[in-house]
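Comments concern the structure below.
Lettered A, B, C and D in written order, each chain numbered from 1.
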Amino acid sequence: MGTIAMIANALVVPELPDVESNVASVRARFPILAREINGHPLAYLDNAATSQKPLEVIEAVDGFYRSRNANIHRSLHTLGEEATADWEGARAKVARFIGARRNEEVIFTRGTTESINLVASSWGEAFLKEGDVILLTMMEHHSNIVPWQLVAARRGASLVYIQLEADGSIDLEKVEASWNPRTRIVCATHMSNVLGTINDIRRLSEIAHAHGALLLADAAQSAPHMRLDVGALGCDFLAFSGHKLYAPMGIGVLWGREALLEAMPPYMGGGDMIRSVGLETSTYNDLPWKFEAGTPDVGGAVGLSAAIDFIGGLGWDYIGRREASLGRRALSVLGEVRGLSLHGTARDRGAVFSFSFADIHPHDIAQFLDREGLAVRAGHHCAQPLMRLLKVPATTRASLAFWNTEEEVERLGAALEAAKRFYL
Amino acid sequence: MGTIAMIANALVVPELPDVESNVASVRARFPILAREINGHPLAYLDNAATSQKPLEVIEAVDGFYRSRNANIHRSLHTLGEEATADWEGARAKVARFIGARRNEEVIFTRGTTESINLVASSWGEAFLKEGDVILLTMMEHHSNIVPWQLVAARRGASLVYIQLEADGSIDLEKVEASWNPRTRIVCATHMSNVLGTINDIRRLSEIAHAHGALLLADAAQSAPHMRLDVGALGCDFLAFSGHKLYAPMGIGVLWGREALLEAMPPYMGGGDMIRSVGLETSTYNDLPWKFEAGTPDVGGAVGLSAAIDFIGGLGWDYIGRREASLGRRALSVLGEVRGLSLHGTARDRGAVFSFSFADIHPHDIAQFLDREGLAVRAGHHCAQPLMRLLKVPATTRASLAFWNTEEEVERLGAALEAAKRFYL
Amino acid sequence: MSEFDDLYQEVIMDHYRRPKGRADLSHIPDERAMENPTCGDTIKLEILHDEAGRISEVRHNGHGCAISTASASLMSEYTRGLTPEEARAAAERFIGALRGEGKLDELDSMGDLAALRGVAGLPVRVKCATLAWHALLRELGEKAS
Amino acid sequence: MSEFDDLYQEVIMDHYRRPKGRADLSHIPDERAMENPTCGDTIKLEILHDEAGRISEVRHNGHGCAISTASASLMSEYTRGLTPEEARAAAERFIGALRGEGKLDELDSMGDLAALRGVAGLPVRVKCATLAWHALLRELGEKAS
């Protein structure tokens, strides 16, 4: 794959000067950003792993447990009604957030991983037949690979992978041209957690639909950084995690088309997902509850709802501009570090930067950066097939969010130079 | 089943006078208890549905998100190391809490429901054969029924139910005498969420083991109220939920014997549960991570850890005495309400009281009690097979915890009398 | 007026104590009962029509709380003389209003049904108040197809 | 001393730059490599014995960071001349100490391995420092059985 020179113009959103002046007040909403690490101010550049949480979110969860906590749906006292309203209200908010036609299409899960396992297990067990093909891309996260391997083994289906171009993008014409007529579902990430590549889910969906296949979009990385609209994306399933979206861990979303969800058998069994339980068999509840067995994470949903409000307060415009501007700066700073080669240089990309650097092991780079107060991730990023394609066991990854600063990006460049001096 | 007169001596722990003086200071730890509902102080009598959270727990979660939040296991910066230590530290604390021999035997899940689904799906798919029998009790929660129905249908196994005695207990001799040699696993609740019955898991385990079967104990209701020791219980799997144990929603535990967990195939696929992912197949991580796919709820685990410390601070002695004393008072108060018939009068029981009352529908009772500030649950309590046995569609249930007061119990009695005047 | 008094109004209590349209429906098999997954309550319906095809009576029977019983009774009263299409539209308007999807004020144009207004703020009770109406939609739907 | 300096001590950096026991092990199939699930790092081992059955050398090869490479090198040095049983006990003591199960002070009696002390406070890095030792346990175990 290419090096950094190839993508100087990758981030093309125009910069608005007055956006910058907001940064300090935005940062003030995130208490953790005030931390010192090894004598330096924390520069949190690991947003693709998990995001930090604004006070709005922390306080919403705190407030839930201080004054409204109860189990939902079957406790008809005041607290139970309030908690139920919180839970179903969060669902309605998520539905609006992603442009779902109906609240019933929004299923709460623990996160992207559970969302995809739900589809692979429920839809896959019911609808995949021997010889069917599941089409993935070579840039998928393990969470969008392993569940399909498990169900493919049980159903006698097979996995086929869309190869990548040199810049880490997908060539849609090749996808069309090499279409396998046994393909039943395409599982593609909306944005790569390694390469930063943004895939054209709309076109992929059109191709899939033209051949009678479904499309599942893994929006774990895109949901925090751009407005999603399931209608415009055209996909059939969409999965994302709250914890990457400025909300707490433990809550995530599966959106699916109503008719598909209706046709799917339940996933887990237990309280709340049933209509009536007999000794030998049971009948199941309506959507969305059919897929929500057991006491859910109401506190987490309250946090997710607050996070969506927080995003609404900032606006996608602000977030998009800020991150595009930071991303450009990161590209130019990293471009000046000698010995650094960036993986992923597609034109459409987010502010996620994975690189190899001067034969220093990513662990050692990350540990050195930590000494300087910079938090980055080192490893295979749960994308081993992609690592093998890149011919590296692991990479170092810096991933930005709107609360990062130009100064943090520059500290990254300087610290990488210092790491070279230390290790080589 | 019997009425209240039969159980006047059910709760036999002696009362210590000085325990009572602590109640106000214990209550002060639970901010929600200060709420007013419809002009009355909240009397929260729905602890079996979900518990309230002490400040220690609320603040621990809050503190995690304010200063330590990161993803775990693969982020080797300072925050990542701290969060990983929090997560694995919580696991070690849970292991000690239930007397597990090894930390690796503790799997974090969302709650009891997911824990049981994990066993039913992973163990059941791998080890159940056509014609095998799964033995349940007639007092199981849907979460310990439906997952077994789902796997039984797929594997051609069948479900058999242990019948109940008139007092809502199990006759272990009958269990022995009617043992079906095809029984592979016994799935029994440790404490009924409807009847309050405490089952003798130790003896049930011995019977199961003597016949080469396993025993899964659903400890959702017992874990919050008594010391659990998996060694002493003798079971093979144990499941419980954090949210009933004074911890946040979204976190729960499956404990299993190491050799069993080792032999079981993975449940969900995704990040963290793999050793190596190839294109077609993958190899899986060691215990416990093999069963923990995707970003887990680290904040929830931090809360659970704080809850265990909180319990340790009070001591099981305090909790046991307080709840026994409150339970006795509840029995005598409810015993004086004319027209009330209690379901579940076993000698070994917890402070959970389900009743039918004067032909008033449980919804109407609960709504009336809510007017008086009393929070109880009305419904089938996710135990429809038991409801059919009791020949009622639903019951009203008051469930106590150590923070309840004698005065609250008396308000319940008075409010029930008033409900009768209103509806009849 | 407290939330409780708002819920258990005089009209509701009257319909609860003396439900209109309640009938012995033991000839209808139990499998045809509509179930409230929240609490196990059930309701059976039978729809009688006049020669013109209008609804002459909706009969009901089942286990239910005051709210669900009163709602079934009010439904029986409200639907008398409606065409199946009108009844279906009414059910959708009523359910939508209580679930917060439609406008709550629409209830005001539905006669005594407005007495169920208080339910709208209580998501758990919405299921009680709408059970009979969901059963009505199902029965009308199955007739239609 | 900062956490970082504590981790990347002189001894560690020396073993990282000039690892003892590193050898070409391309004759060992890749499937026999031990994998660190955290990062995809791998290590292959080959244990050579003298006539008395004692370990004459543990050879290693693989991808790894400074900590895992230095740990493999220190292991190669430490195990020279041990019986397989002694080596196994050492591996268990070392892993236990770093994982916080054993006593950390035990490292002090293990010569230069004490330089890996700083890893104990960093659960993510513990996996780096113990990878070679887990591989050793596996190789010794398979030999034994």
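The rule is short, and it goes like this: a residue touches a chain if its C-beta (ideal position, glycine included) is under 8 Å from a C-beta of that chain, and two chains touch if they have at least 3 such contacts.
On a predicted model such as this, the values are computed, not experimentally measured, just so you know.
Q: Which chain pair is joined by more contacting C-beta pairs, A-C or A-D?
A: More contacting C-beta pairs are found at A-D.
Q: Measuring centre to centre with CA averages, how many angstrom lie between chain A and chain D?
A: It comes to 36 Å between the two C-alpha centres.
Q: Taking the mean of the CA coordinates per chain, how far is chain B from chain D in Å?
A: One centre to the other, that is 43 Å.
Q: Averaging over Cα atoms per chain, report the distance between chain C and chain D in Å.
A: 72
Q: Which residues belonging to chain D are in contact with no fewer than two other chains?
A: Chain D, residues with two or more chain partners: 3, 38-40, 125.
Q: Taking each residue of chain A in turn, which ones touch at least two of the other chains?
A: Residues 38, 74-76, 78, 80, 272, 274, 276, 363, 367, 370, 378-379, 384 of chain A touch two or more partner chains.
Q: Every touching chain pair, please?
A: Contacting pairs: A-B, A-C, A-D, B-C, B-D.
Q: Considering only the defined contacts, which chain A positions touch chain B in the complex?
A: Residues in contact with chain B: 31-32, 35, 37-38, 42, 44, 46, 49-50, 52-53, 57-58, 61-62, 65-71, 74-80, 110-114, 116-117, 120, 141-143, 145-150, 153, 158-159, 161, 241, 243, 248-251, 266, 268-274, 276-282, 293-300, 363, 366-367, 369-370, 374-379, 381-382, 384-385.
Q: Flag every residue of chain A that touches chain D in the complex, lowest number first.
A: Touching chain D: residues 38-39, 361-364, 367-368, 370-371, 378-380, 384, 387, 393-394, 422-423 of chain A.
Q: Which chain C residues qualify as touching chain A in the complex?
A: Result: residues 3, 35, 37-40, 121-125 of chain C touch chain A.
Q: In the complex formed with chain B, which residues of chain C make contact?
A: Touching chain B: residues 2-4, 7-8, 38-42, 63-68, 125, 128 of chain C.
Q: Okay, in this complex, where on chain B does chain D touch?
A: Result: residues 73-76, 78, 80-81, 84-85, 88, 272, 274-276, 283, 285, 289 of chain B touch chain D.
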